[in-house]
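Remarks on the structure that follows.
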Amino acid sequence: MTTRTPVAKTYKLFIGGAFPRSESGRTHPVSDRKGRLVAHVAWASRKDLRDAVRAARGAHGAWAARTPYNRAQIVYRVAEVLEGRRAQFEDELGVGGMTPRAARADVDAAVDTAVYWAGFADKHEQLVGGVNPVAGPFLNVSQVIPLGVCGLACPDDGGVAGLVGLIGPALAAGNTAVAIAGGPSALVTSTLGEVLATSDIPGGVVNLLTGDHAALMGWLVDHADVDMVDLSGVAPEARGELVARTAENLTRSACTEGREDLATIQAFCDVRTVWHPARI
Amino acid sequence: MTTALVRDGDRLHGDALRAPLAVGGVDAVALASRAARLAGRSIKRESKSAGLELTVRCIDLTTLEGADTPGKVRALCMRALHPDPDDPGVPPVAAVCVYPSMVPYAVEYLGDSGVHVASVAGAFPSGQSDLAARLDEIRGAVADGAHEIDIVINRGALLSGHLDVVFDEVAAAKEACGDAHLKTILETGELGSYDQVRLASMIAMAAGSDVIKTSTGKLPVSATPPVALCMAEAIRDYEAQTGRAVGLKLAGGIRTSKQALGYLAIVAETLGTGWLTPGMFRFGASTLLNDVVLQMRFRATGRYARPDDLPVD
Amino acid sequence: MTTTPARDVAARLGETFADYVPSLEGRDIVAIRPSYGLMIGGRERPAESGATITTIDPSTGAALSEVAEAGPADVDAAVDAARGAFERRWRDAAPRERSKLVFRLARLLQDRAREFAVLETLDGGKPIRESRDVDVPLAAAHFFYHAGWADKLQYAMPGMRARPLGVVGQIIPWNFPLMMAAWKLAPALACGNTVVLKPAETTPLTALLLAELVDEAGFPPGVVNVVTGAGATGSALVDHRGVDKIAFTGSTGVGKGILRALAGRDVRLTLELGGKGAHIVFDDAALDQAVEGIVDGIFFNQGHVCCAGSRLLVQESVADDLLGRLRRRMELLRVGDPLDKNTDVGAINSHAQLVRIREYVEGAVAEGCAVHQPQREIPSQGFYYPPTMVTDIGGSERIAREEVFGPVLTVQTFRTEAEAVARANSTRYGLSAGIWTEKGSRILWLANNLRAGVVWANTFNQFDPSSPFGGIRESGFGREGGRQGLEAYLELTPVRP
């Protein structure tokens, strides 16, 4: 026997810095364009989602307490590691049905968007916060603060740029994230977890779930300990119902679509104003 | 026996104080920055050898477990006398620190070696029992032969503003110690701010403590460089005001030689080398000793040593 | 009281420990070449005249290397190269690509941080602890921070279209050679300008090594050019008709000369000049930490700091206590070999500066001031000056009014907040001030009334790329760092809706 048997990867979830299978034991088959089975990817359950939110909440305090400069460097490190793994991403995107050119462009966009958001981590507060000229003997400062745990419905387009396009601003602003990817993105989602796990991102800051997009999003908006949901990856006609469910505890919702601009990062932030007397 | 101790602005007043005692404030950011710089001093060659030996001489080798037995204490005492079983040149540690029930055994095993027996007492580590019982426990440990008594302050009283209660309890403990040295634990991890650490240091010293000590070692946060610096500055300022020199003991979380040398630098540059003696400075530790001995072996041989070659105690 | 032998042993161990035997950073991490050329258009070349200057190690006085001394023809070639790179490559480069190149430069600097730290210490005399923990990390941070702005300039100045200025001439001082290069280059490059950088004649080496990194990062040739030389080289750059902006950090005297030279020309100018910073301590301050702030404020980098807290103003009620603590703290300062990791105060940057400092202190003594210096020995070789405290100051003495740029602190007392402000503001300068008090409203009231571009409260000498730095009055104009600092490198025109 001379042909070597390749060792295939098991595609798992990414929760709290570890790579568990789904607690439900469920997987989902992923096939290539020719219908050949490539892998069974882990299929997240409601309890996996609960675990992911718990991990994100546990990681939030320390992540938000880091300096913006430090967060910027860590997000930049994601871009570096992503670039180093581009061949693997391009392969997996090809399996998912992308042409080599489209796959290359998708990885380019993923790396560049990570760099963009790295550069925003220590800028947006200077653009949106500041000193307010109140009519009294006070220093009045508005600070920009993160929201907390963000649930991200990543686009179901099979790419990695769509994932990074939501994770990037959420992290840059000091939030932690539970990102949900659906079917075609399953392979690269798992591989993105490996990138995040090896790029100085502390465990729990980003949690990645592959599974039934609609079901996971429903559980996510209903979870009382989620502070914000980005519904970019939800079909427009399904968003209204999810937004209505956020009314239960006024979870913020947004639909940033991975746009690279100031409004996107603001969707992941709140404002706190501080008053202090300034007269002796 | 309640002696009112009150704080008026920056000063503590009370019948038991010879003169009002200035407390002083602490700025956390600048304190941490100075502490980090001192703890980062680069200690090499002769200075390092001296620092390592000094560390051994200043260790209170400690076991404070519910599972402690005479056998465990015996092993610890043997280790205290011979920190490196293969090198008799390594001096004994300063003291062995145990629970009161283990004091008679430690006294027996250490004999007249010069290594002191220290006992925690006074409802260690919480301090949450009535004062009379706590004082009885101190007297019992001293009667059994303890040379040094480690007690905790009443953090609840401190945090609720009853400074006189904190003072009076420490003063009573000092009296109960008789000739034994009183080492007073502030449990800084529960005090919330460096201002409180400084205040607690001043009260503990004013009430007669011979040594002030950071921690019980039973909390996740124990001795840290800023806390050590804060307490060292309080000791220095207390001496400047009263003329009495109080010792410092750092306990909990000190596991490596590098940490220990950093703390020695904090003490040396804040209190002076006069404090770098077992009489004025201690490390409360258990695993630290092995790391120091490994470092000493490396310095003697130029080769990294195998941790498993050392005794487990 | 009898002393036991064991106590003797411990005492001896304590002394040996606290002596801190020298712990020298290895200098072999950096290979200093015998000579360096100018960096023009991506290529290294000698000065057209062949002239060179010798740069020395101020800790010993020994020569380190020869660098080219650029004349007008070399400056002309550098400006040409910068102009060409601006028009052909850099002006129209995609902001995102510009951003990634500046990020890359930040990373390369982090990768080679130790090499830069050792070189900075060798060439300039500052303690390795400072070059390692302050200068180099801050320089890298400046590039990292500004990299992020390159593709976000539309947000920096809302409602304005932001375009680069063109060719920028940057002249930097010898006190923070690498950090000043970063403060200058990072915003200029992020905003899309090209640069001709002139480092100080006594400290050119880290800027030249940085130019190699610029090349390695992949910047187009000519985007960054380095012309080494002394005052004449700087003048040639200022006088060159091809520069669109001059950014200068240095003495107030030279800054005024540059302003005169540029008068009537369409050249933008920012000046970061001298200072005589007041460091104000109130009686409720955390005194030990205030002492640390005072020490950092005046003895950091041997006091070669434009924003140094060189005038201590202490409230009378706490003056004795504070000064006692300060004297004791000064005894601990280790003056010596800058490569020793435990050195607190390194070498004075040049013999000329050492002479200047001595003259100031001798003058103060002649004017009746009292001088206190610690007992600790200082090295006999090289250029060193002990940490110095000058008291019995009236306020009109030269040492109380002029910038010494050395480890020399003057001390005066005050009684009220208003008096503190009046004394602090009694200077032609307006760069920095420090306040130590535990009372927040007092801090803010003072900050509102102090004439200074930067006010530190319960800290001193803090720098961050996101925080604008610069002076008012005769400390100059223009800001470096932060969103506001970008303006100095942008042509802004209103966007019509």
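A, B and C are the chain letters, set down in written order, and residue numbers restart from 1 in every chain.
Operating definition for what follows: a contact is a pair of C-beta atoms (placed from the backbone, for glycine too) under 8 Å apart; a residue touches a chain by one contact, two chains touch by 3 or more.
If you're wondering where the values come from, they're calculated on a predicted model, not measured in any experiment.
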Chain occupying the most central position, where position means C-alpha average: C
Farthest chain relative to chain B (centres taken as mean CA coordinates): A
Maximum inter-chain contact count - chain pair: B-C
Chain A and chain C: spacing of chain centres that average the CA atoms, whole Å: 40
Distance from the mean Cα position of chain C to that of chain B, given in whole angstrom: 43
Rounded Å distance between chain A and chain B, as computed from the means of their C-alpha atoms: 47
Chain C-facing residues of chain B, complex: 10, 24-27, 29-31, 33-34, 41-47, 49-51, 53-54, 57-58, 91, 114, 233, 261, 264-265, 268-269, 273-279
Residues of chain C touching chain A in the complex: 96, 99-100, 103, 107, 141, 144-145, 147-152, 155-156, 417, 440-442, 444-445, 447-448, 464-466, 482-483
In the complex, chain C residues that touch chain B: 6-7, 9-23, 284-290, 292-293, 332, 341-342, 438, 458-459
Chain C-facing residues of chain A, complex: 68-69, 72-73, 76, 80, 112, 115-116, 118-123, 126-127, 139, 262, 276-280
